[in-house]
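Structures given as C-alpha cells follow.
In the two assemblies presented below, chain A is common to both, partnered first by chain B and then by chain C.
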Partner chain A sequence: MRSVVIGGGHLAYFVVTTLREIDPKGRIIVIEFTFEKVEMLKKTFPYAEAVLSSIDKVEEYITENRSLIDVLVSATDSDALNLRYAKHSIKNEIPIVVAILNNPLNEPIFVKENIRYVINPYKTIISKVKEIVDKFRVNIIYEFSRINAGIYAFKIENAEILRKVRGLILKNDLPFFIVSSADNRIRAGSVGDIQIGDVVCISCLDKDIRSFLERIREGGS
Partner chain B sequence: MTPEEYFLIIRVALAILSIALAIFLGSKLREVIARNLSKFGHAFASKFAEIVRYFLIILGVVIAFSILSLDIVVLTGISIVIVIIILISMRDIFSNYAGEIYLRIRRPFDEGDFIKVGRISGRVISINSQDVELVSIRGNRIIIPNQFFLKNPIINRSSTTPTSIELKMIFRESQVERVEGIMMEVLNEVRPELFEDPKIVSINKIDDKTEVNLVLHIINQQKIKWLINKLSGEFYKRGVEIEIE
Partner chain C sequence: MDVSVVFPSKNRERYVRKAICTAFKARHVREVIIVDGGSTDNTVEVALKENAKVIIQSNLVYPGKGVAMRDGAYLSSGDIIVFADIDIANLTPQFIEKLYMPIMMGEAEFVKGCFGRAAGRVTELVAKPLLRMFYPELARFKQPLSGEIAGLKKVFYQVEFENGWGVDIGLLIDLYKMGVRIVEVDLGFKEHEMKPLHALTDMAYQVAEAILKRAVRDRKIDEAWAKRYISAISEIDLGGAGYA
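The block that comes next holds the complex of A and B.
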C-alpha cells in the first residue's frame, strides 16, 4: 500500500508509525517543506521516504502520482493547507483521503467540503474529562469513521433514564455492556440487570440514537 | 356599464389575482423547499424548488383561464394533450430526474465510491441531474443515465474497500520451480504497492508453458494498469517472456 503523508510535524509522527504498523511492507512517503525537517524525518523513519517539496508543488505531486497513491494523509500544521490538499486529492480520486485537524473548530468546514475522513485529535478530551470526573448523562466514547455509528455511554441517574435506556436497547436490539457502579467492573447481562447508578455502554447506528440523545440531553439540563 | 361588462372585469381581476397568487406562492414555496431539501445538495434542492414553482405558475395560469370562462372543456382538452405530448417526448428526462431523486434520497452510493450497476463497474466521479459519471478500471469515462439505477441492482464496493484482482500469467517456460522462483522475486518488487501479500492460487504446467493464477489486493483501482506494466517489465528484465490475462 502506498501512503503519502503531507507534513512532518508531531501529527505526522503518529500517522507514519501507525501506517508502518498497519502495513510493514508498504511504501510510506512523507512530504515536508523544510530541509531540516526532511533530514530529521529520514533519521526518525528510516523505512519511509522523506521528500522535500514547496507548498505549491504538493498538488502537482498528487496529480502525477494519482494512480499509485492509496492513502493520503494531510497532516501539516495548517488547516488551510490540509483542506487544500485533501480537496485536491479527492478531486484526483485518491481512494482514502484523511485530514488531521489542528483547530477542532474548523471541523465543519472540512465536513462541508465533503472530506469524509477528518481526524479531530482533540475529540477525546471531552469523553476523557467526562469519564475521569465521572459526571455525565451521555458520553460519546467512540465514533466510527467508516460507518455512521458509535459507542455511547449513558449514566443511569434515575428511574426515568433507566426506563428510556432500556426502551432504546429493546426497541433496536442493541449490543451493550454495563459498567457497574458498585464495584467498577464491566459485566454483560440483560436489560433487567441495569441498575440506577450504572453506566451503560451501547453500540449503535447514528440514525437510531440521534433523537434519543437529544431527548436525554434536554431532559437532563 | 352592463352587468356582463361588470362580471368580465371581475373575472379578469380574479384571473390576474390567481396568477399573482401562484407566482407569490411559487416563490415562497421555492424558498421553503430549497431550505428543507438542502441536505440533499444545494443544486438538487434549487432545481426541485424551481420545478415546483413553475408547476404552480402553470396551475395559476390554467385557473386564470378557467375564471375567464374560456371554453373550459376545450382548454382542459388542450392542456391534457400538451401535457401528454410533453410527458411522452420528455419521458427519458423525467425518468432521469426520478432516478436523481432516488439517488439523492436513498443514497445507495456517494461520489468516490466503487460501484457495479448491471454489467458496468467503476468509480463514481459525479452524480448529476441526468446521469452519473464513472471511471472504469481501465480508465474509460462512462456516463450512465440515472434511470438505469432504477432498473438495475447496484453493488456498492465503497471507495476504500480493497479490490482483489485475479491475473492469469502464461510463461513460455516449462520448469515450474524456476517460474515460481522468479514469480516470488517479482512479487516482492511490487509488494509495497499492494494492500497485502499476493496469493499464488495455482501453478500448472501446460505443454511447454506454465500457467500461474494469482490474486493481488489493491485499494486504488487506477493502479491495475501500472501493476500489469510493472510485472511485465520486471519479468522482461529477468529475461522471461509472459502473457498476462
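The block that comes next holds the complex of A and C.
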C-alpha cells in the first residue's frame, strides 16, 4: 500500500503510526512545507519518506502520482488546505481520500464537497462527556465510516422507551448488548432481559437509528 | 490575472451579502471567500447563498484574524488575493480594484491600503514607535496595521501568518525583508465600526509581540530584553475600567 500524508503536525503523527501498523511493508510519504519539520519527520519516522514541498506544488504531486497512491490523508493544520487537497485527490480518483479536521464546525462543508471520509478528532469528546456525565442517555458510541452504521446507546428511562427499543431490535433483528444498571456490567441476552434503568447498546444503520430517534422525539411508536 | 477576495468574518450577517455582491462586481474578481470565526448568527448561511466559498477558520481561538487570513489565502485559487474588512459600510467595487490595480500594472507585488483619516490608537501609540525603533524604513507607511491589503498569491505563500492581530504588521515586515515590492494606496474614506476600547489592549499586545519577535529574529534586539518589553506591554490596559 502506498500512502501519502500531507502535514507534519500532531494529527499526522497519529496517521503515520497507524498506517505503519496497518501495513508495515507499505510505503508512506509525508509531505511537509517547512524544512525544519521535514528534518524532524525524518528522525521521527525513519521508515517513511519526508518530502519538502511548497503549498502550491502538492496538487501537482498528487496528479503526477495519482496511479500510484492508494491512500491520501490530508492532515495539515489548515482546514482550507485539507479541503483543497482532498477535493483535488477525489478529482484525481485516489481510491481512499481522508481529511482530518482542525475545526469540527467545518464538517458539513467537507461533506458537501463529497469528501466521504472526514475525521473529526473532537467527536469523541461529545460521546465521552455524554457517557460520563449523562450516563449514556442517548449516545453515539462508535460510527463506522465505510458503511454508515454505528453503535448507539439508549438509557431505558421508562416503560415507553423500553417498549420502543425492544420493538426496534426485534423489527430489524439487530445485534445488541446490555449495560446493567444493577452492577454496571455488560451482558448479552434477549430483549426480554432488558430492564428499566439499563443501557442498551445497539448496532445498526445510521438511517434506521435517526428515524427511530425522530419517532421517539415525536412520541410516536 | 484572476483575483480572489477574502473577508475574515465573525457574526457579520448584516454586512456579508453586500460585501460579497460588491466584491463580485469588481473587475477580475473570480471568487469571494468568507473565512468565518465561528459565527452564531447567519453569516455562513448568507455567504453560501451568495455563492461565496466558505471555510470556518482552523482554530476557534479568538481573535484569530491571522488564522482566518491564512485559511483564506490557502483556499483561494486566484493569482492575486485581496483581504478586506467585511464591515466597511461604504465598500465599492472601485475600493477593491484600487487595492489590486498596482499589482495588475506590475508596479507592486504587495499593496497596503490607507485611508483619509487619522490612524488608530494602536497604530500611533504602539506600531509606529516600534517601527521607528526597529524598522525605520517602514515608518513611511501611514497605516501599517491596515487590514485592507492585496498581494500576489505566491508572495503570501512564502510567509508565516501570525495567528491574531499581529498578522498585518507581521506580513508587512516579512514581505519587506523578502524584498517584495510594496506600495501604499489611499483608498479614500473608510466607514466602519470602531473596535471597542477593551479590544485594543489585546490588539496592542499582539502587534507589539509581532514586531519584537521579528526584531529578535533580525538581530535588532536582545531576546531577553524583548521578553521584558512584551511583559511590560501586557500590563498596560488601553481600554480598562477607567475608560469605560
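Basically, the second predicted complex is superposed on the first by the 213 of 221 C-alpha atoms of A that agree within 3 Å, B and C clash if a C-alpha of one lies under 4 Å from a C-alpha of the other, contacts with A are read in each partner's own complex, and residues count from 1 in each chain.
In this text, contacts are C-beta pairs under 8 Å (C-beta built on N, C-alpha and C of every residue); 3 or more make two chains touch, one makes a residue touch a chain.
None of the values given here were measured: they were computed from a predicted structure.
Using the contact criterion defined above for the overlaid structures, shared-chain residue A:Glu93 touches chain B, although it does not reach chain C. When the two structures are aligned on the shared chain, A:Met1 is found in touch with chain B, with no touch to chain C.
A count of residues in chain A touched by chain B and by chain C gives the higher number to B. In the superposed model, A:Asp56 makes contact with chain C only, not with chain B. Legend: residue contacts after superposition of the two complexes on their common chain; A:Asn172 is shown touching neither chain B nor chain C. In the superposition on chain A, A:Thr44 makes contact with neither chain B nor chain C.
Note for the complex: chain A touches chain C at residues 54-56, 77-81, 83-84, 102-103, 105-106, 109.
Of all the residues in chain C, the ones that touch chain A in their complex are 35, 38, 54-60, 70-75, 153-154, 157.
Remark: chain A residues 1-2, 23, 25-27, 66-71, 90, 93-96, 114, 116, 146 touch chain B in the complex.
Every residue of chain B that touches chain A in the complex is listed here, in rising order: 111-112, 123, 125, 135, 159-160, 191-197, 218-223, 225-226.
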